[in-house]
Every structure is written in C-alpha cells, then in structure tokens.
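What follows is chain A paired twice: with chain B in the first complex and chain C in the second.
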Partner chain A sequence: MTKLIAFRIAQAIPVMFVVAVLTFLLMHLLPGDPATIIAGDAADQESIAQIRRDLGLDQPVPVQLWLWITNLAQGDFGRSLMLNQPVAEAVMQRLPVTLSLAFVAFVITIPVGIALGVIAAVWRDTWVDSAVMILALVGVSVPNFWIAILSVILFSVTLGWLPSAGYVPLHDSFSGWLASLLQPAVVLALFQIGYLARMTRSAMLEVLDQDYIRTARAKGVTPMRTILKHAFRNSLMQVVTVSGYILSLLIGGSVVIEQIFAMPGIGRLLVQAIMARDYPVVQGTMLLLGFAFVFINIVIDIVYAWVDPRVRYD
Partner chain B sequence: MTDQTAIQSPSTMTTTAPPPMPSRSRVLIRKLWRHRSFRLGAGIVLVIVVLALLAPFITDGSPNKMSLRDRFTPPSAEHPFGTDNFGRDIFTRVLYGARISLWIGFASAMLAAAGGAIVGMASAWFRRLDGIIMRIMDALLAFPAILLAIGINAALGPQVTSVIIALASAYVPRMARIVRAAALVIRELDYVDAARVSGAGATRIIFRHILPNCMAPLLVSVTFVFAYAILAEAALSFLGIGPPPPHPSWGNIIAEGRDYSVEAWWIMLFPGLAISLAALGTNLLGDGLRDVLDPRLKMEQ
Partner chain C sequence: MLDVQNLSVDFRVDSGWIRSVSDVSFALPANSTLGIVGESGSGKSVTALSILRLHAARTTRMSGKIMFDGNDLLAMPERRLRDLRGRDIAMIFQDPMHSLNPVLTIGDQIGETLRIHQGLSATEARNRAVELLDMVRIPDAKSRVTEFPHRLSGGMRQRVMIAMAIACRPRLLIADEPTTALDVTVQAQILELLRELRQEIGMSVILISHDLGLVAEFSERVIVMYAGELVEDAPARTVFDTPQHPYSEGLLRAIPSPDEDVSRLYAIPGRIPDPGNRPPGCNFAPRCALAEPACHAAPPPLEAFAPGHFIRCPVRMKTTEPAE
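The block that comes next holds the complex of A and B.
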C-alpha cells in the first residue's frame, strides 16, 4: 500500500509539471498585452515599457516559462492585477466557499445517485426502472444554471424558504451555512445524480448477471443480502472510479452556480478575472484547480486499491 | 461510459459504407430502429435540426429585430414565446439560436473526435510516444472540461470559433483515451497481422483496418460529447464568455432574460427548454447507439 501511494505521487509529479506548462502556454496565447492593460488608457510608452520590464514580459517566452516554473516551486503563483494581492492568497480566501459547495453537493450526490441506480437495477424493466431512468436522463440533460434560476423564483422569491444569494461562513453559523448552501448544492448535484444513477445501474446489471449471484440466490441467500452484499459490493468499483470524475464535475459546475447565487468562491474570482483580463489570477486559479484534481485522482487511486486488493499488484 | 465502450469486438462494426451495403450494417440499422430510446432521441434531434434549418421560412422576422412598443409581451398568438426587453421575438430568437447552439455542439464534437482519433491512434501506434502523449492527456484531464473551455476561451477571445475550439480541446483527451484503448486491442488481432503479412503498409493498416474498427466507441462518445457541448456552450454564454451578445445563442438569451426572470419568465424559460430538449434527444440517441454497438450490454437483453 505504501509502495502504491509513493508510486502514484511520483507519477503525479510529471503530470503537475505538464499542467503548469500547459497553463502557462494557454495564458500566453492571450491576444491582449497585459502591460498595456495594467498601465491604463492614459499611460505613455515609457511607463508601459517599465511595467513590461517589472513583470518580466520583455523576456523571451522560454525565460518567462523558466521563471514561472521556478516561482511556482517556491510557492509564488504571481500577483493579482485587480486585487493587488498574491494570487495564492486570493484563491485561498475563496477556496472554502467553493469546497463547501462542492462538498455538500457531493454528500447529496453519492447516496442519492447510488440509491437510484441500485433501485433501477433491482426493479429492472419495470415501471420503477423506467421512472428512475427518465429522471436520471432529465438530470443529465437540463442546464443547471437554468434550473438554478427557476429554483430561485420558486423557493426564494415565491415561497421565501431559502436565501437566493450569498454565503454564510461555517464558523459564523452552521445552520446559516447549510441554508446558504442547500439550494445551490442541490441544483449543482442534479446532473451528477443523474450521471451516477445511470453508471450505478449499468454496473449493477453487469454484476447481477454473474454466475455467483445465481449461486447465492440458489443457495437461499435473501434477496436483500444478495443485492447489498454480493452485487452492490462488487459494482462499487465502478462507482469509486466515477466518484473522482464527479467531484471534478462538481467543482467545474460550481463556477457557473456561484455566479447565480452570488457566492464569493473561486468560480466567481475566475470569471471576474477573465472580465478584468487579470491574467495572473486566471493562470493561478486554473493551475491550483489543476493541481487539486491531480491530487483528487491520487486519492481515488488509493481508495480504489483499498476497495479492490487486486489493484495493488499491477 | 468510457469503460464500457473501450473494448469492442470488431465483428459488430461497419466500415465506411461501400456501395454494396454489407448486411451487417443493415442488421445494425434495423436494431437501432427497433430501439425505443434511439428512435425517440433521433426523432427529437431531427425535428430540432429541421426547425433550425427552416428558421427563415417559419418566422418572417429577424432574430435581432427590435420593437420597443412590444417590450415584455407575454406569450400570445403573435409572439408564441413572448418578447424580451428590446421587444425581440423570443420564438424567432430560439429558432435561430438552435442554429448557433447545434452548430457549436456538432462542430466541437466532430473536432474533438478528429483530434481524439489522431492523438489516440498516434499513442497506440507509436508506442514510444505513448508515455508522453498520455501524460499530456492526463494533465488536460486534470481540468474539468468546463474549466478548460473557460480558460481556452478566455485566451482566444469571445467568438463562435473560439467556443468551438475550446470545447473541442476540452474533450479531445477523453476521445483520445477511447480510441487508444480500442486501437490497442485491435492492433493485436489476427487480421491486422494478416494484413501486415500480405504487404499492407502502416498507413493502410491504420486507416483501413484499425481506425474503422474504432468507430463504434468513438461514435457513441461523439453523441455524448455533443450533448455536453450544448450544455457547456450554454453555460459559457451565460457566464458572458460565449459567442458575443448579438448572437441569439440559447445561453445568451437566458443570460439576457435573467434580470427579468420573475416578471418576464418567458424570456429565459423557452431557450432553457430548448437546451434541455436538444440534450435529452442526443442523450437518448447515444443510449441507443451504445446499447446496439456495445456487445457487453447486448448480452443482457
């Protein structure tokens, strides 16, 4: 197990390096000249050149790339132009919001999605299966920001049950935190619930067709026990595999949902930075999120090995 | 999705249709036609495509024609979907929006498939490049597709073409993995050896023997990417980094109607329904294709 963890981390280092290089290259495709933007409209050539020198933009691209990588290695992600603070600091301030949102959505998605998938598989080809699968299909087909707007009209404007915008930090009040997250998290989870239900159903159906399930049934194991102990456990592998992807989808989706519920998270920061052409923030946010997903994937791999001991030896 | 479509028996596949149609493709088409969700999905998609193509004949107005006297008209016989804050007819805008949204979905799915086929094939054929290529793909996969699309789109500027390039690049790694997995299995099969022994060159083996047999898993994922791309395009437009505003893309109409979502709900309701219907149709179609083309699921029936 330790060997596996060490191996996965060693494997992640080149990936993280490539993530850093890709992010750099991506931002250097930007058509605008950052120095001109920072200097503002009234600036003369002199001060633009000065800013360009300060930011190192007068250096050749490979030199800039080298500086970017060496700075990253020292934990320096650059400085925001619009906020006048280090990018890492700006991201860290907003990280709890996005993580809370993704976490609550994840906690909703996993049990609901799995339960729906198992129910559909157990009652396969009945009306229960059809109903669940239609719901799941709608879940993966409806744009979540649109549902978010409709949901605000219903639950916040008309019924007044839930706040329509804002975020309450966890250390201020737990109930306020949960209330502020409930609506955005449920809306955010809809797509992933549909996706997970569909995955779980097909994973379950595959297992239910195996000989050992027939054996278990034949020797008189109760249906409940057959499904939970024999079938579900073995279909768990596929569920673990997609759960990392689900987490990544949730964090990606929160970029959009944060806009609607005016939540001060990373997604809002990213969109503001794009509008303001604050390229260090765009670059830094993308990079930190990229690193986060590399890390999530390592965790998933380890969980995978823990669930299925066979994986350790390959 | 990727796991199930990755391993594919070559016997169930069609090649690029030569004039005398092999009976296998006819069997496949018959099976697809008998598949309920495929039929429904194909029907929905077909209706939307036809409506989009015939937009100028269905409505007489232009999608951007303003009429300040008719601002915020609720749905009526004259304006079936109502009008927006500039008095523009929402029905016309949604119809023309279908053209933009479907085009973006189609073009990015095709581009992603082509890119994925090239990268995946290169990875499976040139084994020495495999490590590097797949590490780069892993790095791209580290970003959620929507985030990558946002980043690329921010770099390229708000245009329809950059949305297409952004969405396509976001889905290339997934496609590449699918093609690579399929190609790795197929290149070890006897008939590839047979082709090699009978003197076929690398180009011929790749294009005539391996690539056509990777088409089934690729086709299945193209349909799903098309559905994702429609949703992602709408999200990008909504965030203000999609096709620039005068374009009546579905996401743009929702974004413009958002400020009036309580008083003039019809502005955002109908384009949202259109997006949902288009994605639903494509997903149904994809489900049907997967069931018919994937031998593992076929065994269950």
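The block that comes next holds the complex of A and C.
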C-alpha cells in the first residue's frame, strides 16, 4: 500500500508539470495586457512600458515561463498584479471558502445521491424508479445559476430564511457558517445528486443481475441484507469513481456559484484575475485546482484497494 | 418429500408471456437422488430454480404445485420460503466463478447461512466454516477461511459453494450443472464429494446436467427434459441402457464411446425449438427419425411405458414391447 501511494505521487509530478506549463501558455494566449489595465485609461506609453518592465512582462515568453517554473520549484508563486500581495497569500485567504462550499455540497450529495440511486434500482421499472429518475434528470438538466436565482428569490427574498450572499468564516460562528453555505451548497449539489443517483442506479442494476445475488437469495438472505451487504458493496467501485469525479466537479463548479452568491472564494478570485489579466494569480489558482484533481484521483485509487479485495496493485 | 405437480413456468418478454417449462411433474422421496438431463434451453435449470422460487418475481409466472413436506412452495409467503432456503433446501450453481460474492471472504459467505438460520455468533460461524471447509476437503481450511474467492481455483470455489450449501445440513440439495464449468478431473472429484456428503448428511440430491452419462451414474432416477417438457422419466439404469424416447436415445448416442472407432461424433440433427415458436405437435418431431404425421399434429401425452417408466412418445408406445 505504501508502495502504491509512493508510486501514484511520483506519477503525479510530471502531470503537475504539464498542468503548470499549459496553464502558463493558455494565459499568455489570451489577448489583453495587464500593464495597460494596471496603468489605467489615462496612462501614456512611457509609464505602461515602465510597469511592463517592473512586472517582467517585457521578457520573451519562454524566459517568463522559465522564471515562473523555477520560482514555483522554490515555493514562490509570484505576486498578484492587481491585489499587490503574494499569490500564495491571496489563494490561502480564499481557499477555506471554496473548500467549505465543496465540502458541504459533497456531504449533501453523497448520501442523497447514493440513496436515491439504490432506491431506484431496487424498485426498478416501478413508479418509484421513474420518479427518482425524472428528478435526477431535472437535476442534471436545469442550469444551476438559474436554480440559484430562483432559490434566492424564494428563501432569501420572500421567506428571508437564509442570507442571499456572503460568507461567514467557520471560526466566527458555526451556525452562521452553515447558514451562509447551505443555499449555495444545495444548489451546487443538485446537479451532482442527479448524476450520482443515475450512476449508482446503473451500477446497482448491473450487480443485482449477478449470479452471487442469486446465491445470496438461495441461502435465505433477506432482501434488505442482499441489497446492502451483497449488492451495494459490489457497486461501490463505480460509486467511488463517480464520487471522486463529483468532488472535482464541485470544486470546479464553485466558480459560478461563488459569483452568484458573492462568496470570496478562489472561484471568484479566478474570475476577477482573468478579467484583470492577473497572470500570476490565474496560474497559481489553476495550478492549485489541478493539484486538487490529481490528489483526489490518488485518494480514489487508494479507496479502490480498500473497497475491492481484487485490487491490490502488487 | 418433494413432489412437483404440473409445474409450468412463463417468462415475460416484450411481446407477452412465453412458456419456458410446461406441465412438469416428478417426485423425489427422502434420501434419494434424481437426475435431470437435457440440452441448453430444455428447461432443466428453470425447473430447478422454480423449486426455491429464485426467478425474478416480476417477470415470471408459475403455476402448478411444488409440495415440500406437505406445503406448497409456490403458494408459500416469501418470508416462510426464506426460512427454508439454505436451511432445508440448498442449491449450488453452474458457474462457481460468478456464484460467490467477490468482496466477501469465503468464511463470511459460508458463515452467513449459519448466522441466518441457526443464529450463530460471528466466531461460532467462523469456526463452523472452517469445519465445513475441512468437510469439502479444502486443504489448510483454517487459513483459507479468510481468503477472497478470486484467490481460489474453479474446483475450490465449487467446494466452497458446496460447503455453503451443506452448512445447515439441508434435506434437499439442488445441484444445477455443478461440474459443467470445471476440468474433467475436477468434475469427478466434485461428484465423488457430493456422493460422500449425501451419505454422510442423508440428504436428497437433484443433479442437473446435460451429460446423461454423468447423471445416470450419480442418480437413482433420471428425468429427461426437452423444450420445456418432460419426455422420459425412468430409473437411471433404464434410461442409460434402454432409453425409449428418441430424444433420450439421441442424447445417449451423442456420448462418444472409447471402444468404438468413430470418425464423426454423433449429433442430433436440427436445433431445440425457440420457446416462443414451438411446433404444434410433439416438440421433438421436427428432429425425430421416427416421427409420423400424427406426431406433427397434436402434442403427445406422457404415458406409462412400463411400471415406473414414462415416455412422451406414442410411436414407441405402440411399436415397442417393454423389455422383461
């Protein structure tokens, strides 16, 4: 197991390098010049050139890439062009918001999505199955920014139960933290719940057709126990895969939700940075997201080995 | 002990219901052996699964009676039937590769039967599982009990299936093609094991196979099925030595004999009719060398050819005298 983890981390290093280079190149392909934006409308050519020199933007792109990568290797993510603070600091300030949002959404998604999927599979081809699948279809089809707006109108404006925007840090107040996250997290989770329910249902249906389920029934195992002990554990492989993917999507999906609910997370930071052509921040944030995805995938591989005895990687 | 009366099984397909097993009756006294022979699609496995009602309930319709100790298994509430499953009637299946749960240890799977039916604790069930693995001659049972199925060979897995089936000392064991997926040498070992366990536990066994030789050797009585119908029902020796139904004869001729120098293996001409598209008369008539016009007209009845010997073949009924 230790060998597996070490191997997967070693594999992740070249992946991270490629992510870094691609992020850098992508940013420099975008039209627009940060120096012009920083200097403002009234600036003359001389001061723009000065700013450009200060920021190192007058260097050829390969040199800039080399500087950025070598700095990265030393743990220096650079300085933000718009915020006048180090990128690492800017990201770290906002990371808890995004992680809280993804975490709460994940905690809602997993049990609800799995339960719906299992229920639909057990009552396949009945009205229960149809109802769950229609719900799931609505969840994956309706855009979440639209649901977010409707939700704000109902729960924040009309009923006044939940705040419509903002974020309360966890260390200030737990209930405030939860209240500020509940609405965005549920909206964010809706799509994932639908997706997870559909995947869980199809995984369960596949397993329920297997010979060993018949064996369990022939032994006199109750239907409930057959489903939970014999069937569900076998569909877990696929559920775990999808769950990892969902966690990645939740972190990515927070970009839109943070905009709508005005939450100071890294999704919002990323959008602001792109608008301002703040290369170091965009690169740093993208790199962090890339790192999160790679990390989630490593965790999934480890969970596989734990869930399925046939997977041992040795 | 077991008395199957006029069992018919229908499966739902897109276009309606299709009859898979039609009007099958047979009886099995306590502590006896019965073989069911037929080719793929003959309905032998469907019949076997019907006894424990293991078909998907929503797409299956069963009629007739399956009496077990005087109770009709087909009319019994699911909850009561569940108590019989694995305790009084146990079953082993064709494919040991897929019949064991891949994520549970074999000890868990054997012990589960005991925990359900005899209320044993986890430790007791584990100890019993080791004893059972010993009984089915799995070497080093103590350390094997914590293995997962994928670590065992096909023969070993079938032994585990058997250990699981006999855990509660059932009175009836249904073995549905237990050796089909195994090597020939392993087949013989598994049958020998079943024979010994039968003696030891004193249970009845229904052995289902497409191999007439194997079934005749193992069982006291044999029924031959074709296209969902019972076509011959007789003592095993009779079916093996002097089968009367042309289909049973064909099955017997299809067994290659080492004594004869044959350049071509015998095969019954034609194919088993599709369940949705069976002929109006005798199901076997289209493939039968003896068929007369009447055979194609109306389905023949099952008739007593000799005491304890039944066949569904009017041609043989009128042309052949039973051997003395």
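Here is the rule we go by: the second predicted complex is superposed on the first by the 305 of 314 C-alpha atoms of A that agree within 3 Å, B and C clash if a C-alpha of one lies under 4 Å from a C-alpha of the other, contacts with A are read in each partner's own complex, and residues count from 1 in each chain.
The working rule: a contact is a pair of C-beta atoms (placed from the backbone, for glycine too) under 8 Å apart; a residue touches a chain by one contact, two chains touch by 3 or more.
Computed from a predicted structure; not experimentally measured.
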{"item": "When chain B and chain C are modelled together on chain A, clash or fit", "value": "fit"}
{"item": "Touched partner set for A:Gln259, first chain B, second chain C, both or neither", "value": "first"}
{"item": "Partner chain(s) touched by A:Met275 [first = chain B, second = chain C, both, neither]", "value": "first"}
{"item": "Partner chain(s) touched by A:Asn234 [first = chain B, second = chain C, both, neither]", "value": "second"}
{"item": "Which of chain B and chain C A:Glu206 touches, first, second, both or neither", "value": "first"}
{"item": "First (chain B), second (chain C), both or neither touched by A:Ala218", "value": "second"}
{"item": "Partner chain in contact with A:Met27 - chain B first, chain C second, else both or neither", "value": "first"}
{"item": "Centroid geometry (CA): angle chain B/chain A/chain C, rounded to a multiple of 10 degrees", "value": "70"}
{"item": "Contacts of A:Pro309 with chain B and chain C, given as first, second, both or neither", "value": "second"}
{"item": "Touch count on chain A, higher of chain B and chain C", "value": "B"}
{"item": "Per-pair minimum CA distance [chain C against chain B, superposed on A] in Å", "value": "9"}
{"item": "Footprint overlap on chain A, comparing chain B with chain C", "value": "none"}
{"item": "Parts of chain B lying in touch with chain A, wherever the complex brings them together", "value": "3-4, 135-136, 138-140, 142-147, 150-152, 154-157, 227, 231, 234-235, 238-241, 251, 254, 258, 261-262, 265, 268-269, 272, 275-276, 279-280, 283-284, 287, 296-297, 299-300"}
{"item": "Chain C residues within the chain A interface of the complex", "value": "52, 54, 58, 82-87, 90-91, 93, 95, 98-104, 112-113, 116-117, 148, 150, 161, 164"}
{"item": "Touching residues (chain side chain A, partner chain C) in the complex", "value": "125, 210-212, 214-222, 229-230, 233-234, 236, 307-310"}
{"item": "Contact footprint of chain B on chain A as seen in their complex", "value": "14-16, 18-19, 22-23, 26-27, 29-31, 137-138, 140-143, 145-146, 149-150, 152-153, 157, 202, 205-206, 209, 238, 241, 248-249, 251-253, 255-256, 259, 270-271, 274-275, 282, 286, 289-291, 293-294, 297"}
